[in-house]
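Below is a structure I'd like to ask you about.
Every chain is named by a letter (A, B, C and D) in the order it is written, and numbering of its residues begins at 1.
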Amino acid sequence: MGARETVEVTGHLMDSGILSRVLDDIREYGGDFVIEEFDVGHEAHDPSSARITVEAPDDESLQRLLMRLQTRGVNQLAHGDAAVATSEQDGVLPDGFYATTNLETRVRLGGRWYDVDHPEMDCGLVVEESASGDLGVRTVPMSDVTRGMRIVVGAAGIQVSVPSSAPSVEATSPFDADHGPERPQTVLVRQVADGMRQARAAGTRLLWVAGPGVVHAGGVPAMAALVRAGWVDVLFAGNAVAALDIETALYGTGHDSSSPPGHEHGHEHRVRAVNTIRKAGSIERAVRDGVLASGLMHALVTEGKRFVLVGSVRDDGPLPEVHTDIVEGQRAMRDEVRDLGYCLMMATQLYAVATASILPASVPLVCVDINPATVTRLADRGTGQGRGIVTDVGLFLEQLALELVADYRRG
Amino acid sequence: MGARETVEVTGHLMDSGILSRVLDDIREYGGDFVIEEFDVGHEAHDPSSARITVEAPDDESLQRLLMRLQTRGVNQLAHGDAAVATSEQDGVLPDGFYATTNLETRVRLGGRWYDVDHPEMDCGLVVEESASGDLGVRTVPMSDVTRGMRIVVGAAGIQVSVPSSAPSVEATSPFDADHGPERPQTVLVRQVADGMRQARAAGTRLLWVAGPGVVHAGGVPAMAALVRAGWVDVLFAGNAVAALDIETALYGTGHDSSSPPGHEHGHEHRVRAVNTIRKAGSIERAVRDGVLASGLMHALVTEGKRFVLVGSVRDDGPLPEVHTDIVEGQRAMRDEVRDLGYCLMMATQLYAVATASILPASVPLVCVDINPATVTRLADRGTGQGRGIVTDVGLFLEQLALELVADYRRG
Amino acid sequence: MGARETVEVTGHLMDSGILSRVLDDIREYGGDFVIEEFDVGHEAHDPSSARITVEAPDDESLQRLLMRLQTRGVNQLAHGDAAVATSEQDGVLPDGFYATTNLETRVRLGGRWYDVDHPEMDCGLVVEESASGDLGVRTVPMSDVTRGMRIVVGAAGIQVSVPSSAPSVEATSPFDADHGPERPQTVLVRQVADGMRQARAAGTRLLWVAGPGVVHAGGVPAMAALVRAGWVDVLFAGNAVAALDIETALYGTGHDSSSPPGHEHGHEHRVRAVNTIRKAGSIERAVRDGVLASGLMHALVTEGKRFVLVGSVRDDGPLPEVHTDIVEGQRAMRDEVRDLGYCLMMATQLYAVATASILPASVPLVCVDINPATVTRLADRGTGQGRGIVTDVGLFLEQLALELVADYRRG
Amino acid sequence: MGARETVEVTGHLMDSGILSRVLDDIREYGGDFVIEEFDVGHEAHDPSSARITVEAPDDESLQRLLMRLQTRGVNQLAHGDAAVATSEQDGVLPDGFYATTNLETRVRLGGRWYDVDHPEMDCGLVVEESASGDLGVRTVPMSDVTRGMRIVVGAAGIQVSVPSSAPSVEATSPFDADHGPERPQTVLVRQVADGMRQARAAGTRLLWVAGPGVVHAGGVPAMAALVRAGWVDVLFAGNAVAALDIETALYGTGHDSSSPPGHEHGHEHRVRAVNTIRKAGSIERAVRDGVLASGLMHALVTEGKRFVLVGSVRDDGPLPEVHTDIVEGQRAMRDEVRDLGYCLMMATQLYAVATASILPASVPLVCVDINPATVTRLADRGTGQGRGIVTDVGLFLEQLALELVADYRRG
């Protein structure tokens, strides 16, 4: 073996399983290790720390392994400066670019540490000089790279911090999928309500991400009530959620009360609903013009809340507000993830994964789905700060509205 | 082809899909058919009727095909007497025995029709003469056959009737698994509550069948409240439900309110809980002695409700009331299925299938599970009168208690 | 009720369940019906036909119900001309537009019937006049509508034909999801192989649609062998499949044979792989330049086969060939669906639904996924010609290659 | 806090996640801890060891916590003798009984250590004196306890050893459910084949546990070939597997090759098949008499292999060899688990869990199912030595037969 580097990691190493995953990573990259030092706290909640020398077959492998380890909060001991290279093509990062984590990150340049604004995973780090000569470092997604940007390469001179969450049950078992539900569902609902109350109390914003299952499972009345009561600041979704919600609002509310709202009347209604909104010009104008008078999208528009709809290949229409270019859509989502204090994802794998990958690790994230695979797959993405709940989205929303909305269904 | 017989069927043939399944059956058994007559009602809700001549390669195949068709409510036109053979071994039905359906059935003997008491599927029909010389026909499971019993063979002389349910949406789409929930969950809860209210109003009994998921999902408080409010007359379950419920009652209620009831503390608690009840002699005595003071089994005992626990190969212990012999257990279940007006099955495939197979088709049957496969598999069993709901059992029970139990969680 | 119309339908009405679904549709749209005439074939395989008068509350409802019924192959008896309206906005169909099915369709204009070229569902029908004054009718998706186009409105003057498939088991049980697999998997593999051989023999093209599960499950070697043996003409997929395949090709093939190909080395590899291809300019150039030397995309490029990659909101990069605009992506897919004889969809719900919605009903379509929900949801889309197989994609591909590729794994 | 005890644990503590689970256990039982000493190996594969002082609210809690920790291989430092109490009732263990793990266990009595023969989890330990005055210790299930037995109580004087498995990927990630298959399926098949070859080479026996899915998925021809080639020594199953296999053998194999074996012809066939075997007296006699001439049960009988069938509440019949008493069935299973070298569980949760709970931890155990929940739930049982594979059972068996049976499907 050729290349080696000494790294350190601090935290609840053993009971969080971090160390186990670090050693797995080293093996996966074909590396080896020697544990130089291991300080384990004596009392139950003491943090422990380890210093490990990592080896890899060659320097390129080592650099990539070191970046990988940073996703676990493992930093290099040596504090040299970060290396920087210039991008030579639009949309292409330089070879050996530092691939970011979603952890709080700082970069050493000219002997000084610079905080990275709004960390996001799987990006590059661009170093910029302001007009006044100040240096700054920010994340840049591959598609936003332009020729001549100065990009950090290699893993040297970079430090990340794992969020020091309060030692709660949740914090110690991140993204434990709760397969075959083993935790009383009503307790889980209350925990989510509490998390949202805390985020609200802290003055942060609440992001929801929703899939069509929310409409199918009859969750629209509860979710619209939550919007009106101020528990949704911004919604990320696809064309299908909005189209299905609008279809129900336009065609699903016959006088026959036995016909449940949200019941699908065949696909023809959907296409016609989308056409109606396109004719009005936008969802917002359809609401203003009285064409669209109920449902989730109606609640968001009348309450002045934000929504970002991003298209997918299966879309009909799509609706006017939908970003048909997915790179543009990702940019629109990034514009909305500032000042978030909570993120609730319901019945969508696609938009949940997309959102999880642009959120900083510090945002609490809960994924609710009736399909265990969705919850599990989100966990695989490495968003170690999330929590999965396998339950029925419709009844979950009903209970959440009972918790958070005064007089919901009691009036 | 050799053997043929003319059959007739009446009902909502087309919109219930019955005819389609009848023709599938004929093909499956290698038979052929000619539709002699087809009367279709003119108005939307008129019943239609068909007369079909069925052919099969030989008489044995024909007889078996005719029995199969009876599970769809198809009867022979010819009204001869039923044939009867004598069983020659305990526990063995005669060759060519008539395999029962769970439909209302009558048998013609000596030119007279006799109603079969309490139809049950996959049994034989035994003809008995009372002391006073009156004939009677009842179902007999294979394991209860004794040598010398007179058993109906072949399909002649037997007529079944499909329950003439009110033309509701549910009746026309039996066991529609609601995959990827497409019907608002709150509406489904209300429909179940209504069904139970109707059964109660009609003076019939309510049967529940439950699996361990009820306890895991935190459904015990809601279900115990439903027991106390009189919405459970009898429970069918296995050792695991009772053991897990008792484990929670004995070990799961610490003073730390953050520790949710029902949370599993490892398997050791379960074995110890079972041993405690075995020491007390029975669940009932454990309740009387104050050893068991809360939970679902406690509620059943204190309210004087019935329960039948039947063992399975994975059981620990098992608990004293558990029938370790499964044939005895089936008999105990049969003893409880009289006068039923509703059956609700939650989070169990094994006990749901076992129960469905001994219920007459006239009992409304709802199966609730978070796993679509459970619901689907029950449908495959041919219990065409059931309804499946794919949802979270814990939240479902919570909502059902809010519907049915005055002041539940509002006190 | 006000509006009424007489319709007719011919085919294997009862055993295919079509009639049952037609009557369901009428109820769903709040309509009523009288069956005027019903001719049922006498022999087992005779087609039957029905003439039904349909009523709806008003003419708009009636027109929409009639369009809905056409998706079942139900046509109006009256043979007037189709009505046509002019679109007033780009991207918006006129009110009351005829929403297409994917069935063979003809339109009556000026007393003459015109075949619709390449039927596709959920589109409008545009009537165009060639330079020589000939009329033609083709489908137009909503997003391709331009102001001034002449679009068919209402359901009059339109006829559809359900494909008259050979009376096979498959044809009579369309999209039977085979939950909890009940049909020997090896038989299903052979049926797919036979379908592909027939399509090949008929000189038609084979379309594959794939999700990342194909790579995860280790299906790339088998699928690449099928590409090289000529069993794949065009592939529809997203960025993830290609990126994961390329990641495996670039980073997953170490010398350690115990490290299985396709094993995920963490997300960092994926981003780096995508960057490498972006640097090369395209997947095709990466193959030509020797940067990409194995895997599925490599096989497609070296064999000169087509692929259409369409982006989604979760994409990293994306790869250069990926259509980032989903409307453009849909157009690129439409360009490839001519002359298809078979479509095999594997491990993707998103791309399977997108593809199913642009294919004519005449193309045999098989959807393979380990998740029953994917297969079921595709069926819900109304693509009544498809077939679902719930199985392991990796082993399915392995068996399919053993069937179709001479000397596969036997060399 | 009152009671405390010092324990020690040695092994690959960090990368196996054991330590993390030990600390979770302590919290779960309301305890606290101080890590007295922690020796971490320096090199990658060095074992580490920890000495931890554990506290609990009272002695009873402490004893139970210590027993719980033993399931992780954690032993007490103090080496006093084990305490023993006398059982006072048949079928009831004394209060505070030591609940066994499935790990290699020894018990200290009179200053000497005694090995426990054949460890099994969730049992008691009975101390017996032979005629010659020698002491011996063996596991006793609760239902086999008789009055007067001398049973070990508390956790003192007991030591367990975790199997020192070869440091393979599998060993370090026990029961990693491979959700949404992420490891090439063909590699997994080969690993199972290798495991069976090693067990065979070591002269140990191969146990299979099967559910009805094996027959449904068309796995019988492959499994019967594996039986004939000597790769199955004993089968554990329920009535359903055997009944379905026999039904297929008796009724499912027409001359029409398009009718796949295993295709269900309705439940009537099953009941009739069971009756036929009951008439013959037993499966074995039905084979000898030529009544049953093909299939899995036929292969087992003709090859002289063992099978244990245990009943369940949903059984029809059941078949003569089925143990209708589940406690008797468990005993019959225990009699067959000696000298096992490999255990393969397919398509059954019930019998897999039942078997896992009576196997010593030293037997390699693989669970194959298309449903991720089955695999996950088995893992929850704490059988930390198992491995789960989410795949199609039918194709898995096909591939396994191709690996292990010379000339399978190549003749």
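Details
Keep this in mind: a contact is a pair of C-beta atoms (placed from the backbone, for glycine too) under 8 Å apart; a residue touches a chain by one contact, two chains touch by 3 or more.
These numbers were taken from a predicted model, which means no experiment stands behind them.
With centres defined by CA atoms alone, the chain at the far end from chain A is B.
More inter-chain C-beta contacts link the pair C-D than the other of C-D and A-D.
If each chain is reduced to the centroid of its CA atoms, chain B and chain D end up 32 Å from each other.
As a whole-number value, the distance joining the C-alpha centres of chain C and chain D reads 45 Å.
Chain A and chain D have Cα centroids lying 40 Å from one another. Of all residues in chain B, those that touch two or more other chains are 180, 182, 373. Of all residues in chain B, those touching chain D in their complex are 25, 28-30, 64, 67-68, 71, 89, 91-93, 95, 97, 99, 121-122, 142-143, 238, 254, 256, 265-268, 271-272, 274-275, 278-279, 310-318, 324-327, 329-330, 333, 350-351, 353-354, 357, 371, 373, 381-382.
On the side of chain D, the complex with chain C involves touching residues 169, 180-187, 189, 213, 216-218, 258, 260-264, 370, 390-396, 398-399. Within the complex formed with chain D, the residues of chain A that make contact are 13-17, 19-20, 23-24, 26-27, 32-36, 38, 40-44, 50, 172, 179-180, 182, 372-373, 376-377, 380.
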